[in-house]
Amino acid sequence: MQKFWNDQVSWGLAGIYLLGAIAVLAVVIVFVTYAIYFERKVIGWMQYRRGPNRTGPLGLLQTVADVAKLLIKEDTIPAKADKALFILAPALAFVPSFLVLAIIPYGLNLQFADLNVGFLYYVALSGITTIAIVIGGWSSNNKYALLGGMRSAAQMISYEVPLVLSVVGIAMMTESLNLRDIVIHQEGYFWHWNFIPQIIGFAVFVVAAISELNRTPFDLPEAESELVAGYHVEYSGFRFAFFMLTEYIYVYAIACLATILFLGGWNPPIPQLDFIPGLLWFALKFAFIVFFLFWIRATLPRLRVDQLMGMAWKVLLPLAIANIFLTALGIEWWG
Amino acid sequence: MIRTEELLLNVGPQHPSTHGVFRIIVKLDGEIIKEATPVMGYLHRGTEKLAEDLNFTQIIPYTDRMDYVSAMTNNYVLVHAVEKMMGLEVPERAEFLRLIVMELQRVASHMVWWGTYLLDIGALSPFLYAFNDRERILQLFNELCGARLTYNYMRVGGVKWDAPEGWIAKVKEFVRSMHDKLAEYDDLASGNEILLSRIKGVGAYDAQTAIDYGLSGANLRSTGVKWDLRKNEPYSLYSRFEFDVPVGRNGDCYDRYLVRMEEMRQSLRILEQALEQFPEGGETMGKVPRVIRPPGGEIYVRIESPRGEIGCYIVSKGKAEPFRLKFRRPSFVNLQILPKLLVGESMTNLVTILGGIDIVLGEVDC
Amino acid sequence: MSEEEKRAGEQEPAIEASQTPPEQARAEAPAAEPAASEEKPASAPAEGEAPVRRKETDEEKAARRKAALEAREAAKAAAALAAAKPSAAAAPSTGTEAAETAEAAPPPPPSPNQPRLDRAVQLLRELVAEDAVEEAAINELNDDLPTLVVKNERWLEAAKLFRSHQELNTNYLRNVSGVDQETHMEVVYHLLSMDSGHVYAVKVRTDRERPSVPSVTPVWQTANWNEREIYDLLGIDFPGHPDLRRIMMPDDWVGHPLRKDYVPLDSEV
């Protein structure tokens, strides 16, 4: 894709872009379908259950059936909802989630847009989804949805700060925010990967990322035991499916990002293993992160709102800032 | 001009964390509760009224449906009251069976509580682990009396079914494995940092308040009051067994959690002793008149159910039907303290505190 | 074999019960279940004298009743005797069996709780009012529970005394029950002192037409919802209660279901 970057835009190129986007969409949708399946299976096994096993062989078509059901469901809009915003919110949530995928480098030459400010681009766009969630919660005209939306706004804004700051150390080491450069910088043995020199940053990043994803133990916006379902309580059918899709695309994006920023992207753990394609290494690391997220979900209880906020501002933020200083000192002393 | 407004939020009667059809109207300022008004009665079936037209044997299934998580203790409180009124002797084997099922029921009930409480707090897996163990108890009950939830097992003067062959051995096996399970669950959850931060110091009250509000069971013991009817006013065969009454100190949700966890261990201890001493043969039904007709008079008996003091007040006029039957339902009485505890707490703590009280709506509404 | 013999035999093993073959007694025990008794053919035609409540077991009941009507009182007395510690007070009626039992048993000692009851009565008379206690008795059926009937007008003061007096010190209100006694309404409080383990039952009577009992919610918080429930189901007013609303029935419900004169909406239920 990169080689078309500086060419004149023509119909042919537009077609290629479109095909590329459709390909990514297809990959993402297949991922989401089987991430949900995987999640249900893994959590099922962790809980002495079997997970889905009825629809299709081994239950592999369960998510497909679920999505089909969602798509043919009656589209209900609450009578007192703000119709325009209610309809807008799922789309507004989904679009940025898909846009952030453009900057993910899966391999040395497998990337759609090689931005100099790759990471900032991600953070900027994912913030828009927060707005969409608040809009969805507000426009539903439901108190639970409103509380969920407000929690979501507070939480995502709070956690974006440590999320960004945790990556600053890497930017300092790499001297770039370009995701591709960051991966290239980590070439070599696995102890050259960023998660070892940036262990504090990595910890902060993981916690903040789980929170950004609204997943357990930070799934307060949709805490079903308090707020029933949170901001999407009034949504059904394909609008609800859009919210779900968004959520899983962010899982995909964050897992990719963690792989790239801290786990060396497509680099093998030892250079001798480089006969295995980089894409496979990428996929392995990515799968580990995704599994980790599901694992956490099956293990931990949920935090309380005030504790969540306290953690963002009182624990993660100082840690992230300390990490920046330590990184600076490290660069100063050891180059 | 910015102005704030209080939000009136209707929690329930259909809400995942009210454990049934309970409703609380909360006045929220942001997420802080200013006022909470419980509304109940959605499950009111008029058990006490229905009982006035039924004879005592017919009432037993109704008691199953009050606290449906702990039907055995409910069975017991009724038959115990009638037996006491009529001065009936219960054969030892029957009494042992009753005690064993009651203690198994306590473990099952606490297991349900543990699982659902952690689910309220957001942990998914313990719920399924807990139900897995409870399932084994229900299987044992199923083998014993053919029912999993509403057993209708006890009768005035004894129990309906004798233990089938090999049942006692199965219970022994269960008790053995449950010890390990409890240790595992402690490892999994009890020390979890997030759990501690969620429930430690939340919903605390002191012993005086607890007594004022008539709390019983773990709700009372968590404040440090050593009051367990199995010890303080022994009934059945409890005086024969050795067990401790766990108490807390701070009266918060965490102490209630610990007390209930320890109670399960003590129940297992009682079970071990009871299974050891279980009589070989013997009747399971005492000599009972054909028509159960307690003499005129009144009686109040109380036993320790998993939720606290369950009592049965019978006014009899010498007929086969009670003139008035009133149950003191621990869930109902324990729930009274809820509005007091909720003021000033956040929405999230509502779930924590309500779950910590451990109510069963079938019993609250009766 | 008549019923009273069997009853007495079963309930008081000390008495000769040889007339009852054990097999028969066993066979009859499950018949206490209604389903079993329905299937059994009636041994005698129905007689109208028995108060009829449920048709299915009525025929048998009537037959038995006829045979045993006269002596049943005695049997009950015997049962009561067996239930509590043998006590002469529980055998008010005559009848050969009861008389025998009473003779066989040693002369009943006074209840161990009698001094406590007397003391409570004395305290109430001295510190509340001379007429505060209407009746006082020991309920042998219920482990010698000291039972007092307190005058309605004096109840709130008496409750405060029960709560605060260091000898009584009943800090725990176990249970509050409302009873429609058909001639009057009654509210029964079961009190417990957690320090000494002493228990008392206090009854407060009230008129049936306009029932009203002072609320003790200020004294024991436990009474709050219990009183609301009694108000809801029996219609007893509790002046002084902070929030007397219906609690179980819908707010717009007419009538109080637990009253004996309540007419159900659906007679089938």
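The first chain written gets the first letter, and so on, giving A, B and C; residue counts start at 1 in each chain.
One rule holds for everything that comes next: contacts are C-beta pairs under 8 Å (C-beta built on N, C-alpha and C of every residue); 3 or more make two chains touch, one makes a residue touch a chain.
Just so you know, these numbers come straight off a predicted model, no measurement behind them.
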Among all chain pairs, the one with the most C-beta contacts: B-C
Chain whose average C-alpha position is farthest from chain B's own: A
Rounded Å distance, chain A centre to chain C centre (Cα mean): 67
Centre distance in Å when chain A and chain B are each reduced to the mean of their C-alpha atoms: 44
Mean-CA-position distance for chain C and chain B (Å): 25
Chain A-facing residues of chain B, complex: 7, 9-10, 15-17, 31, 118-125, 128-129, 132, 189, 192, 194-195, 197-198, 346-351
Complex contact set, residues of chain B against chain C: 40-41, 44, 46, 48-50, 53, 55, 57-58, 84-89, 155-158, 211-214, 225, 227, 232-233, 283, 285-302, 309, 311, 313, 315, 318, 321, 323-324, 326, 328, 332-333, 335-337, 365-366
For the chain A and chain B complex, residues of the former touching the latter: 43, 46-49, 143-144, 147, 216-217, 219-220, 223-228, 297-307
Contact set on chain C toward chain B in their complex: 3, 6-7, 9-13, 25-26, 28-34, 37, 53-54, 57, 61, 64, 76-77, 79-84, 139, 141-142, 145, 171-175, 177-180, 188, 190, 194, 197, 201, 220-222, 224-226, 229, 233, 246-250, 257-258, 269
